[in-house]
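Down below are the structures I want you to see.
Both of the next two complexes hold subunit A, though its partner changes from subunit B to subunit C.
Moving on, here comes the complex of A and B:
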């Protein structure tokens, strides 16, 4: 079964995979802070989507497609055009490289997130494990 | 030289043996070709009889050089290069330091100083408002670098005087002695402090009130404002501002870039306790900036357990060299060790790597307790580390052996293959197994294993991206000829940086740098011209090293880095050095068999004359 990106089903599946990942659990065992991933429109996707991911103490507290970015309070927001997200999910763009190059825009406490680069890597690794169906395919 | 914008226009020549000083106008053509910093210094040093120079001899010229952006409104250009043949490596030596010493030299009316000869008794050099004087340094001998700086400021009665000085390590000719300034700022690598010690030159103090002539003041102001704005928006500089270079520890651990236990293991639980974020939260007092720098990477920290209320550093390299490399995870102990090195004027990288080798030699049963003054050399022992630093600084007991560096230590025990050095310079805290491009930088850097001559870890983490110049971030494990070419281009780019001199944490688009240099000097420069200048400087340093016996066989990594690690962020990766170097030699126009620049390359870069000693 494949999950369309971006969608509620896709982010829920990511949340589920994170909860099955011992590497994510160990790398984020002290982490507290929820995210909203903003998928901005580009040639490959015409709308704006907001994907919420709850994260606490090495587990995901849940995922959801939001109607608006402030529907749930989150500590971090990462925004990028759809095509950039696709590259990250498919492993073509290292998310840290992407943020440094301003392809992904981070809003939130930078110092806190600098402590957890391995957790970020594990999240991306789980993203790659979500069987993904892309718009237009 | 009133028409030479961007320059004070004069170089001061001091002969310590003859106790004379004179000044010469800066050669405009040479300045345009090599800019300043280690580029212009190389052009001056290349004119000497390179093959006959003893790095510890009076004939070794020590060149202190600023660049056209130093002391201007350009953000993060408050630097000074110190260059000479290195007593540690025997080849080209250079190191640059931040703070305010470089700008102050320009305010005193000089772009640089060339020091030759050896004083019959210890002296220090005073340059105040154009008055040059050699002063008796007998009373300063034995003082540490902080005490020396303060004593000189008191003697001159001016607390704005900037002082570059050596500590006990330089006095005792430890081969990796640093020159320290502005409290804990260091020109650490390749033993420029040793050269000062060999010349019986304890310190150089500078004070001036002149300004640097700028060709287009309005244009320059507009460009530097744009650079500041760019810097504010960069996530990399934001991170450095918050946590210093130490903020890279967590990321470096993930990548496998931060080395553990003398580069032998890929995982170590203690890295978490050396985190720069933790240091910021628990030990940071404030960040400190160099001249006109909005980043302020410098740290002021405390280590109460050691009675230290306010010390400088540590930065990332020190946390690695005196921490993770020695399996010491006590952050306060590492802060204290870094401070000890600063006081004595020791390069923290060479100090840490050499002690780590000694610990490995002891573990292997090669170095016994009797040789080690009855000490048990072992990883993870902070008390031992502090004691060894003290011994190295004054060459006491085992410290005498360690004071000659890792390569000499390994040679002494007949195990040269165990030294983590390239061209006898100790490896910094960036593992080439984590970023393949670093293999090129280490193999071809003019000063040996050096991360400041082509920081491919910055490129492949996206911190530096100059796609218009063919320097594009990519896969960090890529070991293709193409990656070798990118690494070579980054080396040329950083050679330019070390000449301007601009801090490598300040990375505006290349176009902006060309505009800034153009506005400062009045020259019409495009980014491609800048790459040519960098390439020229890199190639000139290579020809200097050729006179010192460097060839393609010297361009090799130590065996340690060609063995995969079984765990950690390098994922068993080993760089394909031959393939990477094939690309790099091709890019630079250097012969892959001999390692020397090809004649058409020398001609294209205009190095026919400059590369030949007079």
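Moving on, here comes the complex of A and C:
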């Protein structure tokens, strides 16, 4: 089974995989702070999508596709065009390098996030583990 | 897409004379007391005098600079209002100078907020010149700023590409007086930059050649510089190699040895270069067990070994261990003078600090917490890595 990106099913699956990852759990054991991933339109995807991911104390408290970004207030928001997200999920773009080149934009307390580089890496590797189906395929 | 940043680099004998053609009116010199006592400010001050510049010295930088230090430096800058900031020293004063410059330009920021993901908008009030007095850190040409969090005793990896210096004056005479131990520690730091810059996952076509060249030079000249400080050829080669390694790893990243070395440094106050080099061979062996062939490729380019994979990596690790031992540096945490009791007591913190170090992001093989614990233990005992 594969999950269309971006969709409610996809972010729910990511949340489930995080909860199965002992290395995510140990690297984020003190983490508190939810995310919204904003998927902006480009040639590959015509709409804007908001994916909510709840993260607390090494576990994911859930994932959901939101109708609007402020439907659930979150501490962090990462925005990028669809094609950039696809590169991140397929492991072609390191999201931290992407942020340095301003391809992904982060809103939120960066000082806190910089203290958890391993957790960030684990989330990215879980993203790559979600069997993903792309629009148009 | 990726970028390569560098100051204008003026190097070799009389590089300091470049100061005579820089339009400096008011210079804030950021340094430490040792550099001042060694008389290393004088050749700078002489030249500033010749061009009619006014200057003031902030010499409050201590080894492993912390947040209060750079805040005090930024206060000094705000009251003196320099149009140039001159960082003079080893890694600590140079990193402090970068942070002080950013905070002088951006009083709205806290030191911990200096990160690569924002636009700083520097160079409105001042510009930065760096003058390295050791041959190791490469901080003269990198944009990284390492500050110590004094409460948690943990090193914070900060910096932004904009805060790279405008001009680096790489004059070998400024490092010619280093005692042997400092020569060894800082030279091994440069070797670790060259090797980790080459093997890390952010290495690029623009950085590989710099790392190979620097590693070769250091393997060839460091021992000579340590054994005979008056060997000017060795001194000059080492001074240049440190800056070349800085350009290489500074535009890529470092890796696990720096993450482990930062943890060892802040926990046991082991000097930076001594700590990272000590960790390096173990981390190379660890990476080669599973993923990367990069260390073997480097071994081949350095004509150390033509064997691929683990065999080539072990040959490179052996060459590093050989140099560490020849310059009289510790090859294990035990040899660095840390008691078993102190090590055991600190192991949890070492593991958690290292795994949350920014340099860990670019590890060719990411260790789990258990593997990191095993790496520290193996590095304590001085055994070869077999996991």
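One rule holds for everything that comes next: the second predicted complex is superposed on the first by the 137 of 137 C-alpha atoms of A that agree within 3 Å, B and C clash if a C-alpha of one lies under 4 Å from a C-alpha of the other, contacts with A are read in each partner's own complex, and residues count from 1 in each chain.
Basically, a contact is a pair of C-beta atoms (placed from the backbone, for glycine too) under 8 Å apart; a residue touches a chain by one contact, two chains touch by 3 or more.
Keep in mind it's a predicted model, so treat the numbers as computed, not measured.
Trainee: Clash or fit: subunit B against subunit C, after overlaying the two structures on subunit A?
Mentor: Clash - subunit B and subunit C, as placed by superposing on subunit A, overlap.
Trainee: Who does A:63 touch here: subunit B (first), subunit C (second), both, or neither?
Mentor: So A:63 meets neither subunit B nor subunit C here.
Trainee: After lining up the shared chain so the two structures overlap, which partner does A:81 touch, if you call subunit B first and subunit C second: first, second, both or neither?
Mentor: After superposition on chain A, A:81 lies in contact with neither partner.
Trainee: Using the superposition on chain A described above, determine whether A:26 touches subunit B (first), subunit C (second), both, or neither.
Mentor: Only subunit C is touched by A:26; subunit B is not.
Trainee: For A:94, is the partner it touches subunit B (first), subunit C (second), both, or none of the two (neither)?
Mentor: So A:94 meets both subunit B and subunit C here.
Trainee: Could you tell me if A:6 is touching subunit B, subunit C, both of them or neither one (first, second, both, neither)?
Mentor: neither
Trainee: Pick the subunit B stretch that clashes with subunit C in the superposition, from 23-31, 131-139, 365-373 or 437-445.
Mentor: 437-445
Trainee: Just to be sure I follow: which residues of subunit A are touched by subunit B in one complex and then by subunit C in the other one?
Mentor: The overlap between the subunit B and subunit C interfaces on subunit A comprises residues 94, 96-97, 99-102, 106, 110-111, 114-118, 121.
Trainee: Name, in rising order, each residue of subunit A that touches subunit B in their complex.
Mentor: Within the complex, subunit A touches subunit B at residues 94, 96-102, 106, 110-112, 114-118, 121.
Trainee: Per the contact definition, I'd like the list of subunit C residues that touch subunit A in the complex.
Mentor: Residue list for subunit C touching subunit A: 1-3, 110, 112-113, 115-118, 156-157, 161, 201-202, 355-358, 360-361, 366, 368-369.
Trainee: Tell me, which parts of subunit A touch subunit C in their complex?
Mentor: 23, 26-27, 94, 96-97, 99-103, 106, 110-111, 114-118, 120-121
Trainee: Considering only the defined contacts, which subunit B positions touch subunit A in the complex?
Mentor: Against subunit A, the touching part of subunit B is residues 233-236, 238-239, 242-243, 247, 250-251, 253-254, 275-278, 280, 460-463, 465, 473.
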